[in-house]
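What follows is a pair of complexes built around subunit A, which joins subunit B in one and subunit C in the other.
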Partner chain A sequence: MSTEEELLKVQKQLQSVKAEYEEYTYAVSHDLVASLRQIEGFSKLVHARHADQFDEKTKRHFDLIVSGAIKGREILEALLSYSRLSTAIKPSTEFACTQLIEETVTQLSSLIDKTDANVSYGDMPNIVGDFTQLQQLFYILIHNALHYRTPECSPIVLIDVQEDERQWQFNISDNGMGMSDHLIGKAFTILGRGVSDKEYTGVGMGLAIAKSIVSLHGGKIWVTSEKNKGSSFYFTLAKDIQR
Partner chain B sequence: MTTMNAKLAEILLVEDNEGDIELTREAFEDAKFRNKLYVVEDGDQALDYLYKRNGKEGFATPDIVLLDLNLPGTNGREVLEIIKSDPVLKRIPVIVMTSSKAEKDIMESYDLHANCYIVKPVSAKKFIDVVQHVENFWVDVVCLPVK
Partner chain C sequence: MSLSFDVLYVEDCVATVELLDMCLNRYGSDINLSLDVASTFSQVSSIYSVDKHVAALIDWNLPDGKGTDVATFLRAQNKNISIIFLSALFTENLIAQASIVRGSICLEKDYTPEFVSKITEHIASR
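== the complex of A and B ==
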């Protein structure tokens, strides 16, 4: 078999594994989400109809059934969103980054109002990539900057960009709760969380998804942070994107 | 409830899952010895508690620690390692309670000197049974170090 034929064979095998993986992920997550939704839905129904007959302990148990099912569904949806990233890449387009940020800020407007936050940015370039994925990236980073705030002060979020001939380097910084050094190394892991759910809700998938999106756009992501002072997330996006 | 034992067991539960906290509380409510259960929800709070710092100065050193492995922030493995490397804290029995059946987690926990490793049962009734067995053994049967 020639080298070319071997290469074609391997490519074919890879395609078939990819297709199988997509089908498997879809089937498993769809069925699991359906089961969790069933638990959540019927528990709420029983609670609505019969809560007046429950004692305190039973009420707590019911709340735990509902919150457990919701959490499971959220984790599964986040894992599904993560697994879809590499299989659902759209062709790159060129667009104004200002438009992307404006749309993201609009999506987050209720959280911005609630926290009395200030999100500011200067001149932004036209960039190249998958608009939906890059919007998800900005959403995750800006949302985190607002969500992981300190109780004492309103969030201040600054978005900045620099460029050289090969890439853009973005910086999204905040005055939030920050991270201690040993948490920085774990920040981008799948389902990794720096704080408990009680303090700050979340499933621990945002930064893993952010990392994957940046990597699919030929870039790198990293963070500098100081506990109780704030965090600065940096990421690069390649200008000449090869996928 | 059976006859109250005079002993007061102070137990630190390091657990972030609300359901497991609730079940553990219930197991202790029905325990045959007097107990005080303190709950912290992540590894950093557990260390603050054990080292009596960051607002947790007033708390008693626990007789036993029930430790989950997958915790936000500093995880259970790191907490276990810190406890067992400390000349004083290392005497406290640490019972690892986790949903992981992975051999790697079991080996690693014993390598880090966990006093025992328990896989959380899925059934709520069994979960309460197991917690009660653990407590009876570690509080009633075992001689604990003097604090």
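== the complex of A and C ==
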């Protein structure tokens, strides 16, 4: 078998594995989401019909059933989003990063208003990549900067960029709650959370997704942080991305 | 005065049928949907009536076929029937498949008042 034929064979096998993986992911996610939504749906209806007959303890237990089902669904949807990153890559295009940030800020406008935040950025370059994925990356990092704020002050989010010959290096910094050194190590892990759900809601998938997106764009991501002072997330994106 | 519509509902999960029916009753406002349920694709031909059903709610995953198979069958009987695809989860690929068979809309079943409104308003506006 020639090298070309071998390559073709491997490519076909890869396509087959990819299709099988997508089918498996969809089937598992579909069935689990359906079950969780049934728990949520029936619980809400029972609650709406009979809540006046419940004592306080039972009402609280019902709330826990509903919130548990919602949380399970959110985790599943985040895991699905993560698993699809490498199988749903669109062809790279060149676009203005300013447009991407503007759209992201618009998506987050209600949270920005609610927290009285200030999000600022200077001149941004044209970048190359999957617009949807890179918008998700900026969304996660800006959202985190707004979400993990301290109660004392309004969020200030600064977006900056530098370049060298081969790549762009972005920095998104905030004045939020920051992280202690031992939490920085698990910041980018799947379902890794450093805060309690009671204080800050979330499922712990955002930075794992961010890391995967950056990696798919030929870059690296890291963070410097100081507890109660704020965090700076850095990531690089290759200028000439080939996939 | 409330509006009433006869709708074919193709769904194999008994609990889902019951839950949707309860949601329609609770959140359905003044639009009443009367559901005739087929639990499989093969049951559709004996339950569907061109003169009766103005719309079809079709679950995407059926034990003996896909929602698109049902849609193709119904479209052949009545090209104007409203077809609403339901699933716990839709992907871009599934939505593209739905548009090929001229599915009117695809809705993820989350059983919220908004979900019910989308169904009733879509059928009422046909």
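Keep in mind that, in the parts below, the second predicted complex is superposed on the first by the 243 of 243 C-alpha atoms of A that agree within 3 Å, B and C clash if a C-alpha of one lies under 4 Å from a C-alpha of the other, contacts with A are read in each partner's own complex, and residues count from 1 in each chain.
FYI, contacts are C-beta pairs under 8 Å (C-beta built on N, C-alpha and C of every residue); 3 or more make two chains touch, one makes a residue touch a chain.
Everything numeric here is computed off the predicted structure, so don't read it as measured data.
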| item | value |
| --- | --- |
| Subunit B versus subunit C as contact partner of A:Leu183, first or second or both or neither | first |
| Which superposed partner A:Lys220 touches (first subunit B, second subunit C, both, neither) | neither |
| Partner chain in contact with A:Ala34 - subunit B first, subunit C second, else both or neither | second |
| Partner chain in contact with A:Tyr26 - subunit B first, subunit C second, else both or neither | second |
| First (subunit B), second (subunit C), both or neither touched by A:His143 | neither |
| Which of subunit B and subunit C A:Lys44 touches, first, second, both or neither | second |
| Contacts of A:Asp197 with subunit B and subunit C, given as first, second, both or neither | first |
| Residues on subunit A lying within both footprints (that of subunit B and that of subunit C) | none |
| Residues of subunit A that touch subunit B when the two form their complex | 57, 60-61, 64, 67-68, 182-183, 193-199, 204 |
| Footprint of subunit A on subunit C - complex, ascending | 13, 15-16, 19, 22-23, 26, 61, 87-89, 91-92, 109-111 |
| Interface residues, subunit B side, partner subunit A - complex | 16, 18-19, 22, 26, 41-42, 45, 71-74 |
| Contact footprint of subunit C on subunit A as seen in their complex | 26, 29-31, 33-34, 37-38, 40-42, 44-45, 48, 80, 88 |
